[in-house]
Structure formats: structure tokens, C-alpha cells
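The letters A, B, C and D name the chains in turn, as written, and every chain counts its residues from 1.
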Amino acid sequence: MVKKPLIVLNFKTYTEGMGDNAVRMAKYCEEVSDESGIEIIAVPQIPDIALVAGSVKIPVYAQHIDGVGAGGYTGHITADCVRSAGAQGCLVNHSERRLLLADVDSAIQSAKKAGLTVITCTNNISVTSAAAALSPEYVAIEPPALIGSGIPVSKADPDIVTGSVEAVKKVNPNVKVLCGAGISSGDDVAAALELGTYGVLLASGVIKAKDQKAALIDLIGKV
Amino acid sequence: MVKKPLIVLNFKTYTEGMGDNAVRMAKYCEEVSDESGIEIIAVPQIPDIALVAGSVKIPVYAQHIDGVGAGGYTGHITADCVRSAGAQGCLVNHSERRLLLADVDSAIQSAKKAGLTVITCTNNISVTSAAAALSPEYVAIEPPALIGSGIPVSKADPDIVTGSVEAVKKVNPNVKVLCGAGISSGDDVAAALELGTYGVLLASGVIKAKDQKAALIDLIGKV
Amino acid sequence: MVKKPLIVLNFKTYTEGMGDNAVRMAKYCEEVSDESGIEIIAVPQIPDIALVAGSVKIPVYAQHIDGVGAGGYTGHITADCVRSAGAQGCLVNHSERRLLLADVDSAIQSAKKAGLTVITCTNNISVTSAAAALSPEYVAIEPPALIGSGIPVSKADPDIVTGSVEAVKKVNPNVKVLCGAGISSGDDVAAALELGTYGVLLASGVIKAKDQKAALIDLIGKV
Amino acid sequence: MVKKPLIVLNFKTYTEGMGDNAVRMAKYCEEVSDESGIEIIAVPQIPDIALVAGSVKIPVYAQHIDGVGAGGYTGHITADCVRSAGAQGCLVNHSERRLLLADVDSAIQSAKKAGLTVITCTNNISVTSAAAALSPEYVAIEPPALIGSGIPVSKADPDIVTGSVEAVKKVNPNVKVLCGAGISSGDDVAAALELGTYGVLLASGVIKAKDQKAALIDLIGKV
């Protein structure tokens, strides 16, 4: 029996994953998910959430939420509003959108109240421990230097992954660990699972691929 | 002949202006605009842009954009994506979502490339001058202490409004001045026009009103 | 036998604790510490560290450090430089100077390398847990609403203090808990110790007192 | 007759310009300034201001100030405190320490009240215009990509320098323009003056030089 990974695909602000392209990309995710039985989550730009969530049945997540709620706030992304637009979860504290410690906490609390699943991104083992203490459903360990590098964290720095898995077990065993940064192939996904994670968070390896659907299929081919 | 003001209605993150409420609020704007011939711009939360822009014909603006474009950015709000979701313009540097000086500039440049109209918010006369030097279509002067206060800037601090109008004329006469903070009645709007502005930016005075449509009608009743 | 508390006095940017006033204030701390045997730490503004550390023998801490080291950084406060100026420790993530989660971590790591003791400030129990996971010597729990209020956290919200003490024990029992916000009297200090803390972090209650030395003496009178 | 440039030397957080090294570096600046009659300003780390200002007679500037004054602020760098520690001026909004637009303004206003001269750093021509509207004594145009590159802005992008000089003339002719990024030789300084600037802002070209004093002498050798 093989464990089935969770695949979280961050569309970032790439043109290849925006507007109509976001819908097409999400449909590829849906097709591959349906065919394989592997859960794939689409994470489009925030203004695209409604469009994408209206087009596919797989879960759609927001790339970011702020920790504020309803009130006198302008330009903030609230948990309630992304939920209302169709999101089922969100990333929090991605290395390209880091938050103040107190705001990571308030964003996670807001997400929980709104019924959103949270993936908190972290950059090293100690930050993973801290994030786990805040009780999101997932932490995703992504060493910033490897993001977009094509060098998978699972090869370049397996200790940061196993160290994160152990640290989370100690602080809060309910939190599941994903890993990201440099993931682009089925081998990378298989290696991530070997290291004790539940799945991967990735972006350019699929979004910028010449054949996005083929890249997705390759990604899950080894599991 | 009476000058017709521009009314920009910021929905902030108020529940009364989110999701279905955002659509209803925008429709009130549309009805009042159609009946009066006064331009009213709806500024809902970013995840609601697509929904609102698909429901009304009046212009819809984003509450914020970041100064980054397509690429390896996560959680950022790009000009291209809000444009693609239906926005025709955006606020930049609202006092509740202030930006680094360099990012105010890059946000305005990104907006221009994407064909978005920009309203840059400022907090005093010297910042208004600086903002005008960056050539947005509008600056909106809003002393932070008066925002949400119910005390209109046009009464509490008319000099900051006329000072802003003069400062802008000197630095960049193509930029139009709006004023905000504490605006909630038709008198406030009339006073704002008297002081040399093109219109007003407001939020709670209408969004939190018991009868939102009546508040809108009152707002434009004196012009 | 009575447990002796640690008293950490944050001078903030108050005029009454700047320049020559900072030296006088630190000397009061030294006198009261010498007379009572209670450790008092002076935390002046960063440009005053050298002056204050050159004038007293009690420990001097920095109000903030950034998480960066030597290199191409401008305007950042490095652990090495405050150490070289005479500081023996630092606050990190004060509610008036919050840091990104990843920067709280890197600031703590930098401080350790430089031999500085770290007090990480937190705003609630879950953030206290997260901070403890990053292994500073101390966490100081300070509900922001009570800072400068004159209402001691030990009375207004004792559960946040005991909850923080318990949370830290679970995550990292080596970390000691201080409490702050609204502390100004000996009763407040005694109450803080009762709740399981090692001492208090305070500011205006002493710095803004008419008679600073009398306020200090009163502070330690009950322990 | 040759125009004499202003030389502003940013020590950044380099070890070669910290603590005792900062004093030695500042003394080199003083010697070269005395011998040549050219004004050289030393910009050490903030905790080193008192030490350096106590050791030399040339002007010492802070690398950064915040826009807040006396009060309930922790870890902020106030104009009054750096002034009290011996600084005569400050950088504001360096590309490595960018500020919110409103804070660039309040920092400049605070500096003026405290009697500090301000050099506001900018990254392109439009931001230079905006900065000039805020009336600092100097703006220093530094394209971020060239900082620390060894490729002088005066060669790589002379148009950004002349464009900045022209933009400032239009908006506020009292503001003087410096240029920075990649400056390391006397030729670079001469070229900067040719382009209409009053001098240069530099760092690694001198601070990281094997022979810091020789690098300084070379720097002013062509003017």
C-alpha cells in the first residue's frame, strides 16, 4: 500500500496561472486528481478565487490572508471574504509574503473561525516549531534559497525536512508537515513522503512547465 | 450649472459590504448613479471584485494593489489580476494599508500599464505633494484621525484640503484631488467641492448606515 | 524566603529616559538594585546604550535588534553592534516593534551568537508558545491593550499570565516568563510572582513618575 | 576652479566599520577631509554614533531614523536621541531600510525639528521627485541593482542621475542631489559631479577596501 500525498499547487502571480489560464490550470489539477485519487489543491491569485472555485470541484485555497476581521480595514484579505468567494483554505506566511509573528497567529485564528484549512509556511526547523505551536492544520517547510531553484529540498537539505517532522511531533503532533522549494518531479514527491511528510507545496515546476498537465501527471507518477 | 462630484465608496472589510451584501451595495450605487448622473465607484474587498463587477455597470475599483507584476510572488495583488477580475481602478496607499514610498511608485506604474485608474491616499499636505509627483489620476487627502469619526475633514480641517489642492497644482496640475475622512452627508460633499476637490472618498458613513441607499441619496442631494 | 523578581525597565522613547535623563534613570536603577539585591535591567534607547552602559554596572539591554548580521545592511540594529556598545541583552518583538516570524527567529539566533540575553515579547498565550519554541531566555507576555494603561495585567487578565506560564512549560521549560503591561506598583510585582513569573517588564509606571526613584523603591517594596 | 564634492560614507553593518573599526574609519575620513578640504560625512551603525561622534570632528550621521518622537515607542530611532548622541544628520529611506511614504515624511519633519540634516534615498526618477516634494536637504539617487556592484551609476545609468537632477529642480530647487550605487573611485566621483550632483553616497568601495585610507584618497583624487 502506498501513502497518497497531498499536492498543493501555488499559482503565484505567474501569467500562466492567471484569469482564464488559472481556470485551465485548475481543470488540469481536477482531471489529474480525479484520475489518480490524489488530492490536489489549487492556489490561484486572490482576485481569481471566485472564478476558479466556480469552475472546479477540487479545493481552492487563498495564497494569503491577513489576521483582521470585519471592520475599518482597507485592502486586507479577510478569511470570511475568501471563504465567501469559494476558498476552503489558505496559505499563511509564505516566504514571499511573510507576516509578523502576532499576525501569523491572528490569521490562523481567523481562518479557523471561518472554517478555512491553514498551511503555514516556514523557513527552518525552529520557525517550524514556532508555527506548529500556533496549531494550523499544516506547516510547509520551504528553505527560501531553494524556492524556484529546481533543486528539491528533499535532496538538497533532507535534514531540514526530517528535523521539521520531528520538531512538529514534539510541539504539536496534530500538525501535518508538507515540504516545498524546488519540487518538480515525481521523484521529488516520493522523496518528500519518504522523509515523513504528507505532501508537497510547489509552483513553478508545474505552472511554468511547457506542458502543465504532463508536469502534473509526472509529479504523481511515482506514488 | 453645478459641478458633479465623483463619489468613491470604500466597502472596507465591513460585513455590510461583503459577498451578497457587496452586490446589493453596488446595485444601490448603480441605481443612485443612474438616477442622478453622478459617477459612483464601488470599492469592494478584493476577493469580491469579480462578483461585484459581474453584477453592475458602474466602475469597480480594488482597495489595494501591490507594486509587483507577474512572477514568483505569493499573496500579492497584481494590477493585471484585479483588471482581469473586472476592476477599472484601485486605491493605493490607503491609511489602513500604507505602502513603502518605492512601492507606491511601482504600484502606480503597474496600474498604468494595466489600464487601471489610481487614487493615491495621503495623510497631509506634504505627502499629497509627494504623491502628486508620482502622477496618479487622483490623490485623496484623508487625515487619519478623522477617518470613521463622523467629523468631516471639510469642516474639521478645511486648510488641509485647500492646501492639498494648491500643492497638487504646483507639483502636477493633472492630478485631481478628492477628500475623505468623516464624510457622511450631502453637506460634507458640497463643502468638499467648495474647497476645490473633485469629489469624495468615503466608507462607514454609507456602508454602516441603517438604510444604505437613503444614505447614498442624501450624500448627493446637495450637488 | 521570598523569591526575588527580575525587574526590566524599558525607557521607551520618553524624554524622561533619554540622554542625560537616561543616565540618571539608570543610576537610580543601580542604587535601588544595590540596596535591595534585586536585579534591575535598564533598557534605554539604542543610541544611548554606550552612554548608559558606560555609567552604570547593572545590565543594559537594547530595546530591539534586527535579525541581520554584518554586511550590506543600512539602518539595521545588529546584535554585535549593541553588544560592542555595552548591551548584555535585548528585547525582541515588543508590541510597539513587532517582527516577522522569521525575523524573531533570526534575531534570537543572532543574539545568542553575540552572547546577548533575549526577552521576546508576546501578546497572547498562543504567541507565547510560539516564541518559547524559538528558545529565548525569557518571554514577556504583554497584552497590548493594557500597555501604558495603569491597569496591571496581573489583575486585569491573570489567566493570560498563568496560561503563558503553563504553555511555556510544555513547549520549552527552560524559558522563563516575565509579565508586563500596566505594572506600576509593588503589589503588581508581587501579584506577577504569585502567578508564576520571574519578574516584570515595565516602562511608564516608573519613567513617567514624578519621582522616578521613589517609584522604583515602591515597585520592589513588597518582595 | 573645481567644485568640491560632498562625500557621504555609509559604514553599513560591515565589521570593518563597527566599534573600534568605526572610530578608525572615521579618523581616516577626518584626516582626508582635513588634508583635502573636502567634506566627508561618516555614517556608522546607530549604536556607534556616540563613540564615533566623540572621536572625530567631521559630521556624523545616523543610517536611519523613524518618524516618531518622544513617547510610548520601543526600539524606534528618534531624531532627538541620535542628535543627543552626537549625530548632525541622517539617512532616511535607504534602499536597505525603506519606509512607508507617510513615515518618510514624518522622519524628515522630525529631523528638521531636531536640527538634523536629511539625505533621503531614492531608487528612480519619479521617487526622487516625490522625495524632493518632502523637502529634505538632499536626495541620493541609488538604483538598487547597482548597490555594492562596483559598477558606478554614473556610468551604468547616467540618465537616471541627470533625470533626477532635472526632476528635483522642477519640484523643489532647494534640494541637492547626490548619487550612489557602485561608486568606488575618483573617476566615479568626477563623473557624478559632471552629471550635476553635489556629491556621492558610498559604502563598500571604501569600507571593504584592503586599504581604507588609500581608497578614500583615491576617491577624492580627481576633484
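The criterion applied here is as follows: contacts are C-beta pairs under 8 Å (C-beta built on N, C-alpha and C of every residue); 3 or more make two chains touch, one makes a residue touch a chain.
None of the values given here were measured: they were computed from a predicted structure.
**Student:** For the Cα fit of subunit A against subunit B, please give the angle of the superposing rotation, nearest 5 degrees.
**Tutor:** Subunit A sits rotated relative to subunit B by 180 degrees.
**Student:** Tell me, please, which chain's centre (mean of its C-alpha atoms) is farthest from the centre of subunit C?
**Tutor:** Of all chains, B has its centre farthest from that of subunit C.
**Student:** Let me have the rounded angstrom distance from the C-alpha centre of subunit A over to the C-alpha centre of subunit B, please.
**Tutor:** Computed from C-alpha means, the inter-chain centre distance equals 33 Å.
**Student:** Could you state the distance in Å from the CA-based centre of subunit A to that of subunit C?
**Tutor:** Centre-to-centre distance between subunit A and subunit C: 37 Å.
**Student:** Could you give the separation in Å between the centres of subunit A and subunit D, each centre being the mean of its C-alpha atoms?
**Tutor:** That gives a centre separation of 42 Å.
**Student:** When you check subunit A against every other chain, which residues touch at least two of them?
**Tutor:** Answer for subunit A, listing residues that touch two or more other chains: 95.
**Student:** Which pairs of chains touch each other in this structure?
**Tutor:** Every pair of chains meeting the touch criterion: A-B, A-C, B-D, C-D.
**Student:** How about subunit B: which of its residues touch subunit D in the complex?
**Tutor:** 93, 95, 98-105, 109, 122-124, 126-127, 129-135, 171
**Student:** Inside the complex, what are the residues of subunit C that reach subunit D?
**Tutor:** Per the stated touch rule, the residues are 10, 12-15, 18-19, 45-51, 62-64, 68-78, 80-82, 84-85, 87, 91, 94-97, 147-148, 203-204.
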